[in-house]
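Here's the structure we're looking at; comments come further down.
Chain naming follows the written order as A, B, C and D, and within any one chain the residues start at number 1.
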Amino acid sequence: VSAPYAHVHRVRFEEVDAAGIVYFARFFSICHDAMAGMLASLDGGYEGLVMERRLGLPAVHVEADFAAPLRFGDEVRIAAVVERMRESSVALRFDLERVSREGTAEGAHVATIRHIVALTSLAAMRAEPLPDDVRAAFEAYRVTPADS
Amino acid sequence: VSAPYAHVHRVRFEEVDAAGIVYFARFFSICHDAMAGMLASLDGGYEGLVMERRLGLPAVHVEADFAAPLRFGDEVRIAAVVERMRESSVALRFDLERVSREGTAEGAHVATIRHIVALTSLAAMRAEPLPDDVRAAFEAYRVTPADS
Amino acid sequence: VSAPYAHVHRVRFEEVDAAGIVYFARFFSICHDAMAGMLASLDGGYEGLVMERRLGLPAVHVEADFAAPLRFGDEVRIAAVVERMRESSVALRFDLERVSREGTAEGAHVATIRHIVALTSLAAMRAEPLPDDVRAAFEAYRVTPADS
Amino acid sequence: VSAPYAHVHRVRFEEVDAAGIVYFARFFSICHDAMAGMLASLDGGYEGLVMERRLGLPAVHVEADFAAPLRFGDEVRIAAVVERMRESSVALRFDLERVSREGTAEGAHVATIRHIVALTSLAAMRAEPLPDDVRAAFEAYRVTPADS
């Protein structure tokens, strides 16, 4: 039985915008960091995949639904799961929840974000089948249809 | 008859990632800049809307399909249109095309990105009806269903 | 006897530039994060200082000497000390050392960075004397002239 | 007689921080963009230098004095000059002035920033003599000692 990958991010001083809330594009960075964490079991981690093996996981499709803003000092918990794997691609879902701010209720739903990434040779910039170790790393976070 | 808003962005040195291509989250920033350009006809522009009137346009939903990577030095042309307006929200579509790189064909399709933004009081962080001038500014770029 | 504040940062995928090394301006962000860590003993931390008390620590002078590049996957250890405190300002020094990369020697000196920050009322955007708790938090990392 | 290179930057929505002012590290990015502009006369520009010739200009020393904050919507004018050239390195000075904000005086001095950059082979990550065309491009903005 698999479980979501849990990633925690504390909003940094520079992540907000002129409206005083976390800039929407930064949510994708936070989720990308969570994906890197899902691959920590690889030999050399996500860093080794990119720098040694010259394989990447560029996004081919992303979508996000934003439910509540984040502010400086908020802490957000990301539950990341794999919704589908195909030959080259992986569909990831990230559920973001705010876990702390004094004076507000905890556990507020913040956003649901989906990334579909494709295993890509960085030299050829062409999709390739997922290597076994990458597939296995993601498999640990796969939800069954009933879970998702 | 309305026309798309045309925005040009030249990829900057810091916009690429460890894979050597523009980091996927940065595409949303480029589109946000294009939205700011669509509001230049407002008194004080987008800046005045945020800083003087304390109204913002945070994203409530975004999605992106990425077709081709961008590299440092590429120039990308964004055609931005309004697909729908409701009482508080605006659905924007951005078609990105690479317009120049020596040695490659011009005009390659890069990405299609959609932002749904909601007019929001930044003090109350609550959706409000689109003010007339904001509605009129976006109206200039509205496509009819047949166009989109 | 005080000791440096130790902060560890692992280079993230998006922090490199088109030259394949960490973009120089990002080093200042990493040091800013270290400063936030130095203030964790404050009630509410650096976040509380900014968001609740509306006091900030904007830089009035910074300088950096870069000795070696960082790449994706590198881990950098920052030793942060306070070199001087005046009525409103604090002079911080950050020594950056690379602590891990397979195939290279550990402990390479990367950069020395100095920030002078001034305690500032964000409403008035005017310098103010350092509050006692902020002074005490920084005092823990003060080096004597002989140490620095 | 040479003149400064003039670069104009309009503060973008995402460039401010939780204190509501442009994040200090972003000033270096703005100056880096000005440097790219100084090299526009190169065949292929700064982009060609990096991407085709695999030569870069990483910073070896930077320093900044910040005099006044910038906010969203501010427009800043950068006057960039070359203070010195050596065999491999170039010392650049950037004077930043705020040129527009309704309700405030124009022309406020914002910051003085200095970058020393070294011409570097990106493959070997080793300093090399400035190529003639790069030297000539910077020469156009060199101030005599009396000017600086």
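One rule holds in what follows: contacts are C-beta pairs under 8 Å (C-beta built on N, C-alpha and C of every residue); 3 or more make two chains touch, one makes a residue touch a chain.
Model, not experiment: these values are computed from the prediction.
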*Between C-D and A-C, the pair with more C-beta contacts*: C-D
*Could you work out which chain's C-alpha centre is the most distant one from the centre of chain A?*
D
*asked:* Quick check: how many Å separate the C-alpha centres of chain A and chain D?
replied: 35
_As a quick test, compute the distance in whole Å between the mean CA positions of chain A and chain C._
28
_Distance between the centres, which are taken as Cα means, of chain D and chain C, whole angstrom_ = 23
*Specify, in ascending order, the residues of chain D that touch 2 or more different other chains.*
13-14, 18-20, 23, 25, 29, 32, 50-51, 71-72
*Mapping chain-to-chain touches, which pattern fits: line, ring, star, complete or other?*
complete
*Can you name the residues of chain A that touch chain B in the complex?*
18-21, 23-26, 28-29, 32, 50-51, 56, 58-66, 69, 122, 125
*Would you mind writing out the residues of chain B in touch with chain D in their complex?*
12-14, 29, 32-33, 36, 44-48, 50-51, 71-73, 102
*Can you list the chain B residues touching chain C in their complex?*
13-14, 16-20, 23, 25, 71-72
